[in-house]
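In what follows, a single structure is set out as structure tokens and then discussed.
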Amino acid sequence: MAAASNFYTIVAGVGAGTGRSVALKFAKTYPIALLARNPANYESIVKEIKDAGGQAIGISTDVASESSIKNAFAEIQKEFKGKKLAAAIYNVGGRFVRKPFLELTLEEYEAGYEANGKGFFLFAQAVLPGLLESVPSSPHPPSLIITGATASLRGSANMSSFASGKFALRATGQSLAREFGPKGVHVAHAIIDGVIDIPRTRDWPVNGGVEDGKISSEAIADSYWYLHTQPRSHFTQELDVRPYVEKF
Amino acid sequence: MAAASNFYTIVAGVGAGTGRSVALKFAKTYPIALLARNPANYESIVKEIKDAGGQAIGISTDVASESSIKNAFAEIQKEFKGKKLAAAIYNVGGRFVRKPFLELTLEEYEAGYEANGKGFFLFAQAVLPGLLESVPSSPHPPSLIITGATASLRGSANMSSFASGKFALRATGQSLAREFGPKGVHVAHAIIDGVIDIPRTRDWPVNGGVEDGKISSEAIADSYWYLHTQPRSHFTQELDVRPYVEKF
Amino acid sequence: MAAASNFYTIVAGVGAGTGRSVALKFAKTYPIALLARNPANYESIVKEIKDAGGQAIGISTDVASESSIKNAFAEIQKEFKGKKLAAAIYNVGGRFVRKPFLELTLEEYEAGYEANGKGFFLFAQAVLPGLLESVPSSPHPPSLIITGATASLRGSANMSSFASGKFALRATGQSLAREFGPKGVHVAHAIIDGVIDIPRTRDWPVNGGVEDGKISSEAIADSYWYLHTQPRSHFTQELDVRPYVEKF
Amino acid sequence: MAAASNFYTIVAGVGAGTGRSVALKFAKTYPIALLARNPANYESIVKEIKDAGGQAIGISTDVASESSIKNAFAEIQKEFKGKKLAAAIYNVGGRFVRKPFLELTLEEYEAGYEANGKGFFLFAQAVLPGLLESVPSSPHPPSLIITGATASLRGSANMSSFASGKFALRATGQSLAREFGPKGVHVAHAIIDGVIDIPRTRDWPVNGGVEDGKISSEAIADSYWYLHTQPRSHFTQELDVRPYVEKF
């Protein structure tokens, strides 16, 4: 087993919530590459990690664009030359559209798939060769961890765009778990069932406004780290999370 | 309640199996429009229906193309002027790709979504206004019936293309059932779990080659007709079907 | 294939709703035995069937009692001597308990299992030998059809008694489908998700009191008949049903 | 928040595998009570914990007996007087019966429910008042953690006894999660999908006999501890686990 410092991680989809917390968590152990479309979404996180003595780069990336993904991974390879991939987290939200079905444009409907279908396909093809190479030398089984949502399990009125994307993401995640699990790569899917507690949602009257009625993104980061550190005799493929007061 | 002859139906995705049987079944009651990319897939069915005294048209259509769908529905409206839509069946298979994930091209991965995500979106947007108009005058609650598969419920190794499309289709179907059910439109999803008995599969050694080890497409047509004729107090949203010897 | 008149059916759990409608439906084709704890629950149905020219017997039975089941089947065998079993329907509701968990007595908790676990076990053991004997001579594949509920799929607050029973019923139904399907017996499970329209529920303010907001028991009977008449190449194991306005 | 030493935990169902590992794990933090029918199943674990400086008692208990449960909890209350309950783990396997359905005795069928339905009901009623009392003073949200299995999700041929019990257990667990979650108690259900690596299974030719082809019980203990330490803003209700090579 090699030292953790010979390995790095990638988080696609960082911003104010889950992505940031996951990045800070994994950066305590591994150098990290952060992908987001808008540099404003990763710049402060990169700084925060570096200030804490960690190693991080941010790359402006559109995960649904082949060329953008290609460029991002070329840059990652250059930056982390000689290191191997320990974990890749796919946390891309994409454009969220909630609308009566007959008012949706094709582009709005496809927004769900763009981010969670096509984007994940391109990301997974880019990271899986590196994850396979890390078997069995990495400190923990190399991991591909995926952020799902309530809409991964059920389609709801006005939610066909988001649900079709999240269903497609889960389908692909299951396919990869069944194909790459036996090769030693841990593919896990987390169903985030609730509102995440970030500045933007602070005033949302969720669950009657009770304390802890929104999900702590630090707790999500802990769960992703827990998933990453599971031994290969005990892989969790799927778990759900929700605040204690959430209806389900 | 108006006479059935004032209503018509549409079947997208006809060929040798389910589509043909469904078309023949519904054509006993309603004039019918058949959509398929290749005229060879509908021509003989149109003839068969007409020879039996029914009314049918075939339209060469690529359901994943906005303009092709638009043209098809313009032609349908012209052909069935004055009639209302009783049922629409979405039975598009699309291109089936089974391959190790890292060998998939983006185009191959997206084939699943093209047919079952995008194609169904365009089809559903085209038929739902007509189905809504038929509430409550049609002989049975206006119906949108969708063909799913084993891969609608689970992603498998080498199956991410097909599974992501079928998951997206199911997500959209559930969303529509929850949005349009209360408006009187019956949206139902059938999980076809097994090989359909058509000329192309006749020699496949499925289920040890036992009699009835493949699904009769006539029986699928019966189930779609049964779904169509359910009253609105008793809508089935999902059912599965498989041969008696199928492992599941 | 023998004439339908050489076959009979059994319905366990008859009363004002599903059981009565199912009995009337199947009695159009087969002589029928009706089981209920209380004769008041079957007497009028037996009369109704006989008045319509059918053949029916009612037997006072506690399905959760080995001796009661034994007596009932001895009586059925005597009554329908020389006939074979075409279908058996398990529609036992049992005692419905909805209570905060810590207020439940053991007996109340077990009421769910008594009716839907133990009762179904005893019933299934009594009917399966007869169903197997009817393969392949019966007009349709011999069928064991089970009534499930919303609580077959999810446990809810205050519902552990009913949900544990309905989950156990579904587990056993799936086990039987997988064991006896390949032997030609059709085991199907219907998830009744909504309130059934019977005298007792007539004034319940379900779904805003809209017309058809409760499930028609005649429609359930139609769906059970449809399940019974499916050919063995096309067995449905599970379907759900709910009124068009039901939230789900 | 009180010190962990003012809290204790209970594990029902200890032996060579999961129960032992969970006990050792939780005993590092809390005094612990171990329940098993046979003293041989807990004696060595109690000794192991005490030798390591921990505090443990073992109580011979039949969880499916009201009086036995009553006696056990009276003894626990005496032993841990002044302490509060931090976590309760239900890990009772019960008698495992795998047999063709028509060969099952009623007693064999009911073995599944005895252990996983009735036994869990009695255990949950005994621990929930204590768990509620520990809100919000305990170091972590008071937890009720339940061991499920592959058979919690699907019934299989010859498996109706075990599956009906595990389905009933899951139903009750979901009901409790929805009733007691909002009161601050964390109810979680783990689906153990694979063979656990214990002396008895060491030579089973599972997954081709590859290394790590059976589940490490220490890893299960880690997952239960992870579940226990989740904050109330982020409760996992269900997770699955299986070896990397397990088919699913």
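By written order: A, B, C and D. Residues from 1 in each chain.
FYI, a residue touches a chain if its C-beta (ideal position, glycine included) is under 8 Å from a C-beta of that chain, and two chains touch if they have at least 3 such contacts.
Chain-to-protein mapping (UniProt): A, B, C, D = Short chain dehydrogenase/ reductase-like protein.
Because the structure is predicted, anything quoted here is derived from the model rather than measured.
Two copies of one chain, chain A and chain D, touch each other, and the residues they use overlap strongly: the shared fraction of interface numbers exceeds half. Of all chains, the one whose mean C-alpha position sits at the greatest distance from that of chain B is D.
One inter-chain figure worth recording: chain A and chain B are separated by 34 Å, centre to centre, where each centre is the mean of the chain's CA atoms.
One inter-chain figure worth recording: chain A and chain C are separated by 46 Å, centre to centre, where each centre is the mean of the chain's CA atoms.
In whole angstrom, the spacing between the mean C-alpha positions of chain A and chain D is 31.
For chain B, residues touching at least two other chains, in rising order: 178. Taken together, the touching pairs link the chains into one ring where each has two partners.
By the definition of touch given earlier, these chain pairs are in contact: A-B, A-D, B-C, C-D. Interface of chain D with chain A (complex): residues 141, 178, 181-182, 184, 186, 197, 212-216, 219-220, 222-223, 226, 230-246, 248. Listing the residues of chain C that touch chain D in their complex gives 66, 100-102, 104, 106, 109-110, 113, 117-118, 121-122, 124-125, 128-129, 151, 154-160, 163-180.
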